[in-house]
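Written below as structure tokens is the structure these notes are about.
Chain IDs A, B, C and D follow the sequence of writing; residue 1 opens each chain.
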Amino acid sequence: MSTESLLEIRDLSVAIPTETSTLRAVRGVDLELRRGETLGIVGESGSGKSMTALALMNLLPPAARRSAACVNFAGADLSAVSEKELAGQVRGRKIGMIFQEPMTSLNPVYSIGRQLTETMTLHGDVSVAQARRRAIELLEKVGLPDPGSRLKQYPHELSGGQRQRVMIAMALMNEPELLIADEPTTALDVTIQAQILHLLHGLQTELGMSMILITHDLGVVSRAADRIAVMYAGDIVETGTTGQVLEDPRHPYTRGLLECVPGYREASARRLGSIPGVVPSMTGEIRGCAFAARCSRAVETCFTESPPVRALGSARTYVCHDPEETPGRLSPAEPPVARAAATRQDQDCVLKVEGVSRSFSVRRGMFGKRKSLKALDNVSLEIRKGEVLALVGESGCGKSTLTRTILGLDIPDSGSVTLAGRPVGELPPRQRARMIQPIFQDPYSSLNPRKTIGDIIGRPLQVNQVGARGEQQARVRRMMELVGLPTRVFNSFPDQLSGGQRQRVAIARALILDPEIVICDEPTSALDVSVQAQILNLLLDLRDELDLTYLFVTHDLSVVGHLADRVAVMYLGEIAECGDRDQVLAHPKHPYTRALLDSALTIAPELDVPEPHLTGDFPNPMNRPGGCPFHPRCPLADARCRSRVPERERSTDGTLVKCWKAGDAGGVFSQLAKGQALDAVPTPENNKEESAP
Amino acid sequence: MISYVLRRTLMALLVALTVSFGTFGLFYFATDPAQTIAGEDAPQEMVDAIREQYGFDRPVSAQYVDWLGSVLQGDFGQSYFWKQPVVELIQEHAKVTIMLALSALLITVVIALPLGISAALRPNSWVDRFALSTAVSAQAIPNFWLGLMLIILFAVTFPIFPVSGDSSWRNYVLPAFVLGASSVPAVMRLTRTGLLDVMGSDYIRTARAKGFTGYRLILRQALRNALLPIVSVLAVQLGHKLGGSIVTESVFSMNGLGRLAVESIFNSDIPTVQSLILLFVLTFVLLTLAADLINAWLDPRIRMG
Amino acid sequence: MNMTTTKSLDGNELALEVEGERTHLGLTPGQVAIRRARRHTGLLVGFGILLMMALFAVLAPWLAPHDPYLQNLPLRLLPPAWVDGGQWSHLFGTDHLGRDYLSRIIYGARISMMIGIGAATIGAIIGVTLGVIAGYLGGWVDQAVNFLVTCQLAVPSLLLIMALVFVIGQSVTVVIFVIGATHWVFYLVVTRSATLRIRELDFVAAASAMGCSRLQIAVKEILPNLVNQILVIFTLEVAVAILNEATLSFLGLGVPSPTPSWGLMIAEGKTAMFFQPWLVILPGIALFVLVIAINLLGDGVRDVTVTNRRS
Amino acid sequence: GPSDDTLVVAFSKALTTVDRLYSIQREGLILSRLTDDGLFFVDPETLEFEPLAAASYQWVSDTRLDITLRDNIHFHDGSRLTAEDVVYTFRWVLSKDSDTSRGAVIRGWLDSVEKLGPLRVRFNLKMPYPMALRDMAISIPLRKSGTYDDARGGDQPLNGIGPYRVKQFDVGRRIVLERFEDYYTDSPKAGARIKNMVFRVIPDEGTQQAELLSGGIDLMMDVPPDVADNISALPGVERLRGNDIRIGYLTLDAAGYSNPDSPMTRLKVRQAINHAINREAIARYLVRGSARAIPYACHPRQFGCQADGPRYSYDPEKARRLLAEAGYPRGFSFKLWAYREKIIAEAIVSDLKAVGLDVDLRYVKLNVFSKMRNDQRMEAFFASYGSGGTPDASASTGVHFAANSNRNYSGDQALADTVLAAEHTIDPDQRRRLYRKALNRIAAQAYWVPLFSYSQNYLLTPALSLPVPEDGVPRLWQAAWRQ
């Protein structure tokens, strides 16, 4: 690694004038990047990560204003060059960029061949044929099979992972010196994420590029970055090498953030650490330390004076007054809550899903024929009283469809869902509503923006005609208290609330009818870690308080490890494996479970991005492979897997597995993984000891 | 694709049938074509004779079935009023309307597209304000009034163009402008918002990150995407113009389909009205179909799904 | 439930207090709209003019100097007061029957607004109902509605209106109903696509999970979210309806004489337009000003209520 | 213009055919007088029916008419007019499948036609019919024998014997005529001065005006009086005022067809309405020119239009009193139907409103109007009648009060009998007496509100000279360029 500096940013600010005031998205950021180095920028949503990256290339939204003392890139000051020069000399040539949204970042009306080659031909002196050759070469490198014929394809014919690979190839067409990757994997599934990160890492070393990797996922930076910059409210609060920052966080924010991650250090605790409050609105001037209001250590000066930059060694700084822990403001170290789960083992089953199948008929394109899409294939599940059953699986595998079926919102083609001994379909909707309630993923779309919070929470009471109006109101207020909503938001609208608050509203609404079962469909995947921690804590507390049963849908294995009693792994509309959490996470029987575990990235600075074992992408559910649906991606697949659908079997330790190779999965995989990844997933038992350096 | 086209055509036929049956009934119950054919001062005997001769005294269903039957055999009948085969009548009038509609569309495109594009490229600039105020005013000026004002101005006060008629290209200038102006707001706004949307999209940001700027960014990256909704709206606009620009034709006394349609209604000339409706419906459906196909050609997502 | 349980249940009560101090709640959607409206010139101008016109319409009996129907044949075709031969008692002159033109123009505002609002309301009722039903239920209902729309679009709407008015007969009510009955496609298209989008949102699923019937969902959950869009279309359709009425009346198939409709006045003045041009110009200007005001208002309402959340 | 010796005339309505046998539009009549000659014609000055293609005629009896033709008449294709052609023409009109526009009327009185010699023809009538010469003059142009043999002759150019021949016919657009040089010189219509005539269809009045001002047309007919006033004030335009035999009237549903309890069934109500309308003012200010208020149900210039029945003066007070007496002190509401002259209809409505009647004006197109009228669903309607240019009371009074007429809302059988008797009487004095009786009856019962006679305004380039017609139908063969 060369120590020569490639990029040096001093005092970069971005201001976006809005209707009422000016939003200062980036406030005086200083950054430095050396050749060949990977810098990870982490921070919660809205902290200004993307704006910083865009400001570098002057790709900000039209209204935004940029100012910088200097932006030195390879000897030139980018803050001074003209737009024309920037476009002609720098963008796409010396700096390549990959964006977060693979689905929308490629122009849908042009073939990817054209989009790839024009990156080169635009900057002159390269013939189309040369560019094509380069494109094919790069596509090969990023792992797209049959690149020659790919060039004719259009973006919509590719999956998200494939598109992201094309984006990467596109960014590399001119062999840039710097690659900026803005959340390149956030929209992708874990298995694909691992593939992409691995790929980026390989390419970087091969081509000797520097890279700025922007992400909010501490797991990702811990594996992929050499150095880390932690951003908060438009400013960098702490920098240093990955190991230093993650092992020994100095800024209270960094520390708080790490504690929020399920599975980090104190993962055995049932309660996660949390950063109270929300990111401050970034309009106007912030007096003192931007983090002071949320800081447990904040003292008087934190609110009045800008914190100083403190340096620890050569490239390690943080920005803090560094006060002592403030007594009273300290969030009490939560005592580990006794786990009741163990005792809930074989209790009576409250909800039973038996052989449910569901197909949709979809038309592709204007001229296409209708095709059937099998979203659920013979799914069976049991949820027992008082337990948390986690349902994991990649995007599109049918998780939401299953929850809708369970809720009685969708009628299965075959099979049945039994709730309290009766099929849900036969229950009158209001009776069903009192027994089972959902919490959804997106706190923005799950609340009607035209209703006040009080109305939203009280609506189930109204619909079910529970009690008089006054009584309903009282109940709503009680519920708001319970989920930690201030009563003054009673008459507010959802738009006025933060994401975490909204999710609390959704929880309150789900619980106000006193249901037995709550179906949580990825309730935290749209939230930042700090907020996720709050919500997860709340959900667990409520469960104990109100004696609830959860079906918890997620794609995040660390969350599973944190709160589930039992786990069901779904693949392409089937339950691949289902059993106790500890069994499934520690001794996965199904190769797919195994692969999922491998791909999950925990915070482990000493480790690299693991080598992915799965080939290919999550298949399009419209073309389900025959035999075992997993066989095209499975490293163990043989002729039987390709031809025959595996039976569902109960293994010795009580997990249900649907795989011909269930017996030998563990063995083969541990060979493949070279002992690297058993610790990949935090279970309370194995996390701390094994992941310590 | 063929099945798609077939489905659409079937739909068109169904629409045409429904509409034409509705019209038939409407006229049967409310008007007396015989008197119109005979003329206002015509004596009783004459009107009665005509009624019998044309079979207006038969039940509506019988009349409709007769008409439908002959249409299915390709015979669109004789106009009651013009006493001329309807097909010929339509051919004659269609020339004017097609000329007018196409020139109006040209004017719309020539005004609206550049205006919309330049407005989108510099939102909130003076170009944008100018474009928007043009749209707002054009939307508020009654078409017929604009026609009258233009006549007062350019045909009487400054006699540059003829007042009326459809004999030379000069006759088409004012009407085409009036008719074209009426769809400028819609097309301009759509171009502007469409292009603004596209310019704000992720893939344009990608293109900029690759080094595209200026006109290359617009022409080689954005235009094709922005074109999609414009194609559709232009097809609808053209359809409506071909469906007879009643007002314009009446203000400028042009003998187009719109005028023919109106007069046929006033004269209860059912065969003509019916054939025109069939024509309008089919034109409209064909045009929107064409727009869809163009869009499918422009956009692989539609083409291949 | 007392405070201690709250505390034990949620370690974040501290957080929420802090939050309360730091992030004062944003404005309600209504407040945001009003705040924006105050600085939206187009909207203010449009609203001002419209308010004035509405006053004219409402107070016509008191503002109009003469009875708009009173004919005075010897004084017919008097030019406006500022032209040679005009009289100050008839500021805008008189028409073919010697009726005071100013009074007729003032009363015309009534007719235009009544027809505009009436027709747009009828269109809204038809369009929104069909749009929500089609969007929410989908399937064959959607197909049927789609068929209706194609029927409606394929036939030139002015021709259709003319045919209907021609056959049914002319009256203000007929004109309102016929214009309304032929101007619902815009509502339908917008509400349908909005409904299609909204019905996929989680709060709709939440509503059905809490036991709401489909009707309740359509009316209580979906409809409130369409109000802004409907309002914008409504204003635009009012303008369209006013222009349509004028056009119809101009073509002789609008409101019946002697109702003072601007379109009718233009049509009647047209025969003399080269010599008494004010007969055409004055009502035309009135029409233009009214319609532009409504359009400004409509555009303004759209700008003001649009949600520009990032994402 | 005179430079190319072409007279360009504007037509408001398009002609569907140039064959007079198949159209009855006014434009057709004007055109037909140029391209066709009948056996008789209406003398422009006296409005008498005089022989034209006929050299002479003789009433052999009340039901038999012998006609001798001129011997020097050529069709436009050069062939000569013979008795055979006359017989062919009339037999064609009489035959049921010819579907000519006048067939039904002619069949009503004409029994048969015979050829007596090469130039002599005999007409056998079904009954005494004083209007036979009128019908021959106005409705039946002579056609070459065999004209309609194939495909109704529609495809061939019109082959008439008039002073002009059709050179070109673009339906709905224009008709081009050219002077027929072989026209018989002893015709009263001989000596046409202008070589070419073009009839342009310009439906819009404003456009016509503009065209006239810009020299696009030379003559504009049926000009509304206001327009005529205005335009004639400009240089380069001449105005002619003329009479018109058309009259305007209101019909009241005295028979109670629309509703047996209709207020219109009461005499006092009908009289009140007669008193309520200020006909003089309407005639003077709106119709203008030579228009006059008319007291009886016919045009004063028509034969037989003399009566001494009650006249109703404009007296709103009396109207109110009469309404009160009839039991409607606060008036009543009804629909007044109309299909032309909207302004006048509005003025009438305004007058009626002034006496406390709530009138809803239903201004509709002719086909709707006639549907309503024929179904006898109108309580009152405003209409006008041009009598086909016929200066005889039979054309107005006769047509409107005949028993089988659906314009007859009087339900008065005795009146219908009187009118019928007049129709079949040849003796002029006897006819006058019968019409006087009928007109007095109509006035006494106030079945109608006779309103006014029309006037005609023509606008033309000063280069053109044109005698003003007495009956509102211009004789364009008399047009000439001023030197």
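Quick note on the criterion: a residue touches a chain if its C-beta (ideal position, glycine included) is under 8 Å from a C-beta of that chain, and two chains touch if they have at least 3 such contacts.
Which chain is which protein? Per UniProt: A = ABC-type dipeptide transporter; B, C = Permease protein, ABC-type oligopeptide transporter.
Computed from a predicted structure; not experimentally measured.
The chain pair B-D and the chain pair A-C differ in C-beta contact count, and the higher one is A-C. Computed centre separation for the pair subunit B/subunit D is 40 angstrom, with centres defined by C-alpha atoms.
In whole angstrom, the spacing between the mean C-alpha positions of subunit A and subunit C is 46. For the pair subunit A and subunit B, the distance between C-alpha centroids works out to 51 Å. Mean C-alpha positions place subunit B and subunit C at a centre distance of 24 Å. Residues of subunit C in contact with two or more other chains: 166-167, 270, 273-274. Residue positions of subunit B touching 2 or more other chains, listed in rising order: 30-31, 148, 151, 156, 250, 266. Residues of subunit A found to touch two or more other chains are absent. Touching chain pairs in this entry, ordered by label, are A-B, A-C, B-C, B-D, C-D.
Against subunit C, in their complex, subunit B makes its touches with residues 11-12, 14-16, 18-19, 23, 26-27, 29-31, 132, 136-137, 139-145, 148-149, 151-152, 156, 236, 239-240, 243-244, 246-247, 250, 258, 261-262, 265-266, 273, 277, 280-281, 284-285.
Those residues of subunit C that touch subunit D in the shared complex are 69-71, 73-74, 76-77, 96-97, 166-167, 169-171, 252, 256-258, 268, 270-276. The part of subunit D that touches subunit B in the complex is made up of residues 16-17, 22-25, 99, 101-105, 107-108, 154, 171-173, 200-204, 206-207, 210-211, 213-214, 216, 339-340, 365-371, 374, 385-388, 399, 402, 404-407. Within the complex formed with subunit A, the subunit C residues making contact are 1, 5-6, 8-23, 25-29, 35-36, 201-203, 205-213, 216, 221, 224-225, 227, 307, 309, 311. By the touch rule above, subunit C contacts subunit B in their complex via residues 42, 147, 150-151, 153-159, 162-164, 166-168, 239, 243, 246-247, 250-251, 263, 266, 270, 273-274, 277, 280-281, 284, 287-288, 291-292, 295-296, 299.
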